[in-house]
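Got some structures for you, see below.
The two complexes that follow have subunit A in common; it is paired with subunit B in the first and with subunit C in the second.
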Partner chain A sequence: MSDASSSRYSYFPGCSLTSSAGEYDASFRLVAKELGIGLDEIPDWNCCGASPAPHHWGGNLGVLLPARNLHIAGYGHEAMVAPCAGCYNRHKNAQHELSGSEEIREQATRVLREPVRYEIEILNLVELFDREVTPEALAKRAQGRLAGLNFATYYGCLLTRPAKIMNFDNARNPVSMKPLLMATGANADHFPFKSECCGSYMGLAHKEIVLRASRRIIDVADGLGFDAIVTACPLCHQNLDLRQGQINKAFGTNIEMPILYFSQVLGLALGLNADDLGIDSHIVSARKLLAKIEQGAAERTARAADASGRGGASQAVCAAGEA
Partner chain B sequence: MAIRVSSTVPGGADVVADIERRSGERVSACYQCGRCTSTCTGAFAFDYPPHRIMRMLQLGQVDEVLNSRTAQICYDCMTCSTRCPMNIDVANVIEHAKMIADERGIEGDEKEIRLFRLAFLKNVRRHGRLHEARLLTWINFRSFRPFNDLSLVPLILRRKKIHIVPPRIKNRQEVHRIFREINGGDK
Partner chain C sequence: MRIGVFVCECGTNIAATVSTGKVVDAALSMRDVLHAESIQYTCSDPGQRAVIDAIQKKGLTRVVIASCSPRMHENTFRRTVGRAGLNAYMMEMVNIREHCSWIHSDIDEATDKAIDLMQKGVARVRRQVPLHSTTVPVTKRVLVVGGGVAGIQAALDIADAGLPVTLVERGPSIGGNMARLDKTFPTLDCSSCILTPRMVEAAQHENIELMVSSEVEQVRGYIGNFDVDIRRKATCVDAEKCTGCMICQEKCPGKAPDEFNAGVGQSKAISIPFPQAVPLVAALRKEHCRLFIKGKCSVCKKVCPADAIDYEQEDRIETEKFGAIVVATGYELFDWRESYPDYGGGQYPDVVTALQYERMLSASGPNGGHVQRPSDGKEPKNVVFISCVGSRDESVGRPLCCSVGCMYIAKQAILTKEHIPDSQSYVFYIDIRAGGKGYEEFTRRAQRDFGAIYLRGRVGKIYPSNGNLVVMGTDTLSAEQVEIDADLVVLATGFAAAEGAGELARKLNISYDQYEFFSESHPKLRPVETTTGGVFLAGACQGPKDIPDTVAQASASAAKVIGLLSRGELETSPMVAAVNQMRCTGCFKCRDVCPYGAIEAVELRDGREVANVIDSLCQGCGVCNVACPPAVISLKGYTDGQLIAETMELLR
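Right, the complex of A and B next:
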């Protein structure tokens, strides 16, 4: 684990994490702090352009917007972390284009008025934690806190695709969240819909696409008895959580599937406060899941007490029986 | 049922060659297995499913492809690309068709999604970051479907999920320069 003061990482929050996905930002910062991972927010960062920039303005807008962030981040840091899967994807794509074309580099240099720096390593949040904390170290600190829970790991599209540019995990059967989730004491059984699309940003123009696509995901997770779906993408979160009521209404279902961010689950495993992690800011309540965690903790304490004072405990039971 | 006999338009082959060159994908390698279509979550809303788009390109029917609802709606989730046995990045092919349609000023019928994408970028041009509240109100107003997602508004507000005050970056000039560098900044 790294030293908290070293701040080797440049942090790109992106637009979602500073508004609708505030709990993703909060939980990420808290867990990073707890694990001693130093973060410096990129000063004066701008929007990466998201899905519309690369193909709907013409030219290289989708490269030049992220290029400005890479340029600022590259000053004095060895890597940049972008927890939003969309921002991560856009910056990696932009870096790929920059490294492949002298012409684009010149264009970026023209607007930045300095030779563009674009070579900083770009990490997503799963990758960062995977690098900074071993499952053994996490298991030691988590002490089985999340035992009894079973998480559906959901990766969606943007963390791994296109595979030749993202170069992260496996685009068809990603597994990178699993080791750390297992280290919390929980299970992360195979979730067959882990790399299906949730309907992306179609919620406004073609809501029916999102409702159908997201329904399949929560429906399968529910049918397989998972306690929650774990994601690392604010857009997936929005479709699966915010629209879960619309999905239930549209399909006459009654699913109540909590959707948690990967950082929130790690935070719970580390014993951080659920309110601080923003668990309650979701639309679908995770109260049942929190109750399970508490119940597990109570049972462990009871077992520990039982083991340390077996005689005393059995006497108490006898006394209770007599009364 | 009407049979659409469509043009193998003059110049069609050029456009396909252009898509192949710019995307680096081999459209000709597609053998119509249909796996791309079977994984696509949006195909039910398209006019042509992805494997048909591939076939139409092979036949040089570029007008149909460039004007298709598929080219406008496809949201580049790339699920199709991960399933193609010929290793064709199908999404990348469709994205390039989309770009060429855009360059040719083809607007198509999918006004709302077009509006959303442009509104998003204009919002970013203005503030340097996305102002979600303003984007949503603007879109609802412009598409003449006020409060499309009315039921979500109280949820969003109660959970403090949105900012009313626009976020603004300091060096907006630099962001404006980026937009100006492309198309003179206008669209």
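Right, the complex of A and C next:
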């Protein structure tokens, strides 16, 4: 693990992490600090372009906006971390277009008034943790805190597609979250809907599409007995968590499926405070899950006490024998 | 020296792109070229006649024919010049079709290139000397590799013609994949009922020697005279003593996967793979045997009434001579699990392959033909079939059609209805390929008479729900998303080459494609030959095919073998290496590199030891020419002088 003071990573929070997904930002910073991963927030970062820039405004705005972030981030850093799957996707797409077109590079250079730097490696938070923490190291610190839980890993679409540009793991069957989740002592069984569409930003124009798509994801996770869905995308989180009440109402279901960020789960595994990690800021309560963790901790303490008690007794016998 | 040049027009194949008249004019301006003409179709009877006339009337001593690839007509034209009284090797072919007219469009440039190639040929034929072939005796025995229906058919046909056959099978029984099938399409014949008599016939045939649990280890030699090392694998059972009583299998405490039943059910560490196995002899699998894993057991030895168990048995290598080899190593199913995570990647017990389902349907299968799904033994009511899993799917690197999936799915849908009358089958398909005799009618029957619902579209996802499986797909005909609550999902997985096919091909020196299916010599006109003389192909080792095609190809292979071995001697190519022994230094680097063991040491009268080429073994590959430090080995017909002359002509 790297020294906290050496910030090899440039951090791009994006709009979600500074507003609706504040708990994602908070938990990411906490866990990174705990693991000794230094982060430099990009000074004066701007919008990643999100959905409107590339899709509605036309021109090259969808490339030029992220290009400026890449340009600043590239100064003195090894890689740029974008925890939001949307930001991650936009920056990677922009990088792809920049590397493939002299014309766009020239345009970016004109806008930035200096030769554009765009080659910096772009990482999602899952990739960052996979690189910086070995499962063995995490297991050592987590001490089986999350044993007995079973997490549905949910990657959505933006992390993995288009596969040739994103190069994230395996587009049809992403598995990057699994090794670290398993290292916490938890299970991460195969979740068939791990890269299924959540409905994306259709929530604004056609709510019923989101409700139908997201319903299937939480319904299947619930049916398969998962304790929570783990995600790394604020928009997925919004659709699955914020709209869970609407889903239950629309379909007459009664599902209570906590949706957690990957960084929050790692934080819980490291023994960080659940409130600091922003677990209570979700709409769907995770109290059952937290209670399970506490119960597991209590049981482990009891077992340890029991074991040491037995050990103490036998030592006493030995001592008596020696005497 | 009197050279004649004949420029073939090949109809318009050549003449449309190459100005043959200009090639003729260029030829006539060359030294020693006395005659040049263009001919519409040189390979035709009048074309060959024209060549012979010119040779005889003008007293030509060498001939250049500029036409197609020598692979096509070299032998034709050698015979032509031979009929005209010349040595057959005084003819040089120049390829101005595949190498020129077919791949270029600019007439001027193509003509220039054709002239260059023709001049190269003239330079080469100028330095050619008459060559004479010799003959070698032929070993009248045949090796058939693989004991499936293809190998059995080929072996029987060849043996019936009076030739001794050795049938080598790596498994413990012959029968192959066909023995695992329940019924066959489109007649619904019981597969083992029609195959078992053939298996027994092969075992009892006086001209067939059966070698099961055996593999080809190494192949040396050449057409007519192969030396083959065969590994006889240790099975810990004395085949002579074993009576096939199966008591060992009954008492064996060691569980082992049931390969014959495609993993449905379990077998024992010592077992006979299936009741109709031929030979009916038990075999022990050491990797599952308690004695070999834990060092303690030997139950089978104690209970065997024939005293046939021998734990000390070891692999042994037998070397045999053969005149021809038929390769019939078959196929296995494409392993779909890695490529289809959307179908559960093998994690859902109730998603099975069609071969597993075949065993579930079969009366000789683990459940005696009572269909029970693997997860809980329940009889399935809703059965979903998914075609083209690992075939016709570029996204997993398998664009090839398995050619039988549409048919066996229709068959299994029919059998499902027969076994479970209140069941409903659904078939997801891309399109229905039913090209054989009676095939189209059969797939119609599955739908019309047996109520199978056919949905044109792919399945995107399968997920477990309430103990069943939800199959999500599209019906592209009604443009609707479909979700089916399935009790059992059957995947029509595509064909893959048998394990180790590429390795065997390298041993046999035959070529294979990117899927490790063996390549035929010509896709239309030489469909059972390989590029290596004396090695023939039969069945699905060459590409996916159904039983009738497999059997037909096996018989075709047999006919080729019988034809080949009906001759007592084979003519060898005279284009072999020769050593200038006066200048040979005796370093024997040539002997070290020769892949055919065709170089020996001989002592000259002055006591010097030099290299000598054994003509009958040399295949004319030329490796020794390159290795020889003083460059005193040359290949007849491809001498350094000829190659340099050709190159100089091109550089001029």
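Worth pointing out:
Criterion: the second predicted complex is superposed on the first by the 310 of 323 C-alpha atoms of A that agree within 3 Å, B and C clash if a C-alpha of one lies under 4 Å from a C-alpha of the other, contacts with A are read in each partner's own complex, and residues count from 1 in each chain.
FYI, contacts are C-beta pairs under 8 Å (C-beta built on N, C-alpha and C of every residue); 3 or more make two chains touch, one makes a residue touch a chain.
Quick caveat, the model's predicted, so the values are computed rather than measured.
When both complexes are overlaid on chain A, the residue A:Gly74 reaches neither subunit B nor subunit C.
Note on subunit A: of its two partners subunit C and subunit B, the one contacting more of its residues is B. Of the two partner chains, both subunit B and subunit C are touched by A:Arg172. Shared-chain residue A:Gly49: touches subunit B; no touch with subunit C. Once the two complexes are laid over each other on the shared chain, residue contacts for A:Cys157 go to subunit B alone; subunit C is not touched. Of the two partner chains placed by the overlay, only subunit C lies in contact with A:His190; subunit B stays clear of it. In the overlay built on the shared chain, the residue A:Gly86 is in contact with neither subunit B nor subunit C.
Counting contacts as defined above, subunit A residues 172, 196 meet subunit B in one complex and subunit C in the other. Taken in their complex, subunit A has these residues touching subunit C: 170, 172-173, 190, 192-193, 196, 220, 223-224. On subunit A, the positions that touch subunit B within their shared complex are 15, 18-20, 22, 44-47, 49-61, 64-65, 68, 107, 110-112, 157, 161-163, 171-172, 195-197, 199-209, 212-213, 216, 242-243, 245-246, 281-283. Looking at the complex, you find that subunit B touches subunit A at residues 39, 41-42, 44-45, 73, 75-79, 81-83, 89, 91-92, 95, 98-99, 102-103, 110, 112-118, 120-121, 124, 128-130, 132, 139, 148-149, 151-152, 155-156, 159-163, 167, 169-171, 174-175, 177-179, 181-183, 187.
Subunit C meets subunit A in the complex at residues 341-342, 344-345, 347, 461-466.
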